[in-house]
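Input: structures, listed below.
Consider the two complexes below, in which subunit A is the common component and subunit B and subunit C are the respective partners.
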Partner chain A sequence: MSVKVQHEAAITVITVAGRFDALMAKEFKNCIADLTDGHRTLIALDMAAVNFIDSSGLGSLVGALKGISKEKGEIRIAGLSPEVRTIFELTRLHRIFDIYENIETACASFG
Partner chain B sequence: MKIVYIDDKPEMRTLLHRFLTAWGYDAVGAADGENGWELIRTERPDIVITDWMMPELDGVSLCRRIRSSDMPNYIYIILLTARNVTDDLVTGLEAGADDFVSKPFNKQELKARINAAARIISLERALEEKNRQLKETYDIIKEDLEAAARIQRSLIPQKIEQFGGITFDWLFCPSQFVAGDIFNILRIDEHALAFYLLDVSGHGIPAALLSTTLSRVLTPSPNFSGPIRRPLATPPFYSITAPRDVAAELNGRFMSEGAHTEYFTMVYGTIDIGSGSGTLTQAGHPSPIHQAADGTVRLIGDGGFPVGMIPDAEYDEHPFTIKAGERLFIYSDGITECRGPDDTMFGIDRLLTIIRDGYRLPLRDLMAGIERELARFRGEARFDDDISLLALEQRRGA
Partner chain C sequence: MKAMILGAGKGTRVRPVTYTVPKPMISLAGKPVLEFIVEHLVAQGFSQIVINTSYMADTIEGYFRDGSRFGADIAYSFEGKLVDGELQGEAIGSAGGMKKVQDFSGFFDDTFAVLCGDAVIDVDLRAALEFHRSRGAVATIILKEVEPDEVSSYGIVQLGDDGRIERFQEKPTPEEAVSRVANTGIYLFEPEVFSFIPSGVEYDIGSQLFPALVAAGAPLYGIALPFTWLDIGNVRSWWDATRSVVSGELAGFKLPGRELRPGIFCGLNCSIDFDAVEIAPPVLIGGSVSVGAGARIIGPAVIGPGSVIEPGADISGCIIDSYTRVGGVATLEDKIIFGNRCISPDGVSIRIADHDIGWILGDAREQGPPNPVNETLQELANELRDKNGPQVLI
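On to the complex of A and B.
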């Protein structure tokens, strides 16, 4: 599986890689649930190594956004591959999420 | 537990009978191989104890016969061998014997070996029972799923119809028994048609429950309730809802709560039967394809929010016209994201090319061609995702 979590001060960096499908969506959801339970709700999500995202993957991202916003936290996404960006644009999710060029700018944006 | 014992010596049979019944087994004996075989077939024992050396059918041949028959249950076979004859246990094992007891036997050893056999047979029978229960459960689930699939298939068009000059056709292959994809084309009134194709996130039963519900919700009801038509106080006593408002209403009604993110993507549109012009809304669904009479293809729209994902989402509307010889294709991402053996995707360009090149083909032949091309690309019988495609056409020269 490829959902990796790293803590950098107040920010948690999550890295996902490969196919973001139902299987990974489940792991991602659990990961977000653990973080919100632990009140770590400033999240930078590195998706640079994701080459495909399906409906379950998109659903888990929006679920994470809703869950984290409820806890007054924030999730910012970095490094969309052209394939994934196309799907974000088709579903207008690029208007819902804060999207950054790479993980460094995403982390820096938290100030 | 039932035991058949076979020995040509009467004193040995007497001894075996006494021991076996004393140990609580239901025991019947035969004096030779052929009679033993008859007894095995009528009594269906759990264990067979047979002498090796017997006239006519010997113990090893009897083993082979038992193993090559189609007994419903496994029979545990113990061969009685003369001591000193170390001859080949291998022959016995290969013939299908499970264990050996040498004669003259030690009573305690025979008892221990039969008890071991009984343990194995009990395990065997318990496993058989578990398998039977599993199969029974699986059969029930499979029957239910097949029934659900029939119900779902009854909700899509049953036959090709003609609405003025407009006709349509479709492809539908669920990746499992039931699908998260569903579509239909429906008459709203004498002038207008509604059409949709939607794809619920995820697969299988949870997705199918929602897609089936949506199909019901999107059927025009006689009393004008439901999102497609609204009641009015004055003639004609209803108004046809704009596609973008249908999407917005469904978005409110089917908003996913909390961590559950069950949503769907959809193209919904209405079309005037006389003129072939209409409007459609695209809710996170792949862009419909318009094919002109000379084959030229173009995509309509560039996206929109899925339904049930973002509260109060607003939807765009795209006008379109299908004139004589023109077609409109709406498809699920199961087609464009279909993966071949080398993990490449079918993609929008392949689909556009087939549609453009097939503009002179009758619609049915073009649809069959797309299905063939997809199957060839996929390289195996099963698809990862539901495949659905709905095509509308205005007859040439209509």
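On to the complex of A and C.
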């Protein structure tokens, strides 16, 4: 599995790894749907091991943000590689998402 | 007088830019570096010029042709061969390239200049020539002082009191460096130098010829002169050099186009409503560019001819190639968009097509299908803009 979920008290840590393309986007969307159904909407997304993201991956992230925001939850992202960071910047996602250096600081930011 | 420009290198340190153009043809404010060099040589009285070519030779030779357009006589020394209809380069080194020309025709019959094809310079070659002749040098290197942390990128020399070169270091660490005086890749030679260069083998000026001259006790001199030296050694230095040129820091260079607002130069046939966009100088916009309402361009920036900047796009500190379409939700900060790539000055490079983000960056001549992610992002941008007021970009 390229999408892993771990619960840490109120926060859910999702770890994605490898290519964040259409295949992983589908898995990620399902994962977010399960979490919102279960009312677990404080999410820290660890992307440190993602080496590639395309339009589908970006779309699933934006979709997740919309879905979680609707449930008054939050999603915070951690550990972008320079390439993925570049894509975030180009598409202005770096201004939409709260982005943290690593998953520890992302989790800690929930207080 | 005669000169040779070294234009045969592959420009590996400027990749990925040099996948699309040979290094001497990389442009600053729309003008190839090599054109700056040719013009300067002609202005200094060096109008008979041989350029050695190899990698993407056609691009260089097709642009300069016989040189008459530039007031020069130009010929090319091609290093390579035609195999199955394709030109294949064959490296013979910088000194090897000089030797090939001399063996071919005996072109160099008096004092001559040799310059690397990858730096814009305005050095006073006449002053260097006077020094060269007064010392009876067989070779003179034009030198320039660099910052201590830059020595590891250059050949560093130790000079004696009269300007004779006593020692050479190729790219030393700052701790090892015997000085901060760097080889700029600009040389004056006497034809006698060819007796130190072997024929038919790869031979380099900096790492082989000069040490051989020092070892033989030949009169090798160096002169440090103050001059502008915009070296395109890597992607960052290209970006820095472009910013410098667009900021008007290159003496004597007039930016192309008309200055429609202070520090904002535009080519002909542009579609820009200056009351509806935010453009902060220095910015150079090529001809036939459109900038949509609400777009923001913060200089130093270059927007290549034929580009389309869609409404809402946010660009700062960028070099954007010709015919680039920048989507309305794009944010480009300190980026080079060139050859279907987005390149950061620190070397991070992505191929736009690989990431299926043609709706953010593409070819202005191509009409791609609308992308749902783009629509979602636009929607989100509008929602947040309505919620937070127009000052919030997204």
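The rule we apply is simple: the second predicted complex is superposed on the first by the 111 of 111 C-alpha atoms of A that agree within 3 Å, B and C clash if a C-alpha of one lies under 4 Å from a C-alpha of the other, contacts with A are read in each partner's own complex, and residues count from 1 in each chain.
Just so we're on the same page, contacts are C-beta pairs under 8 Å (C-beta built on N, C-alpha and C of every residue); 3 or more make two chains touch, one makes a residue touch a chain.
Keep in mind that what you see is a predicted model, and the values were worked out from it rather than measured.
Novice: Give one word, clash or fit, describing how subunit B and subunit C relate on subunit A after superposing.
Specialist: In the arrangement built by aligning on subunit A, the partners subunit C and subunit B clash.
Novice: Please work out whether A:P82 is in contact with subunit B alone, subunit C alone, both, or neither, and reply first, second, both or neither.
Specialist: It touches subunit C, and subunit B stays clear.
Novice: Thinking of the overlay built on chain A, is A:E101 touched by subunit B (first), by subunit C (second), by both, or by neither?
Specialist: Once the two structures are laid over each other on A, A:E101 reaches no partner at all.
Novice: Mind working out whether A:G67 is in touch with subunit B, subunit C, both or neither, as first, second, both or neither?
Specialist: first
Novice: Pick one for A:L90: touches subunit B only (first), subunit C only (second), both, or neither.
Specialist: Both partners, subunit B and subunit C.
Novice: Once chain A of both complexes is superposed, is A:A33 in touch with subunit B (first), subunit C (second), both, or neither?
Specialist: It touches subunit B, and subunit C stays clear.
Novice: In the overlaid three-chain picture, which partner chain does A:S56 touch, first (subunit B) or second (subunit C), both, or neither?
Specialist: both
Novice: Which one of 73-81, 253-261 or 325-333 is the stretch of subunit C that crashes into subunit B?
Specialist: Residues of subunit C that clash with subunit B lie in 325-333.
Novice: Overlap of the subunit B and subunit C footprints on subunit A, residue-wise?
Specialist: Residues common to the subunit A contacts of subunit C and of subunit B are 52, 54-56, 58-59, 62-63, 66, 89-92, 96, listed in rising order.
Novice: What part of subunit B is in contact with subunit A in the complex they form?
Specialist: The contact residues of subunit B facing subunit A are 199, 201-203, 256, 258-263, 265, 284-287, 302-306, 309-310, 313, 333, 337, 385.
Novice: Taking the complex as given, what residues does subunit A use to touch subunit C?
Specialist: Within the complex, subunit A contacts subunit C at residues 52-56, 58-59, 62-63, 65-66, 82-83, 86-87, 89-96.
Novice: Which residues, counting only subunit A, touch subunit B once they are in their complex?
Specialist: Touch residues, subunit A against subunit B: 22, 29, 33, 52, 54-56, 58-60, 62-63, 66-67, 89-92, 96.
Novice: Would you tell me which residues of subunit C are touching subunit A in their complex?
Specialist: Where subunit C meets subunit A, its residues are 314, 329-333, 335, 342, 344, 346, 348, 350, 354-357, 359-361, 371-373, 376-377, 380-381, 384, 393-394.
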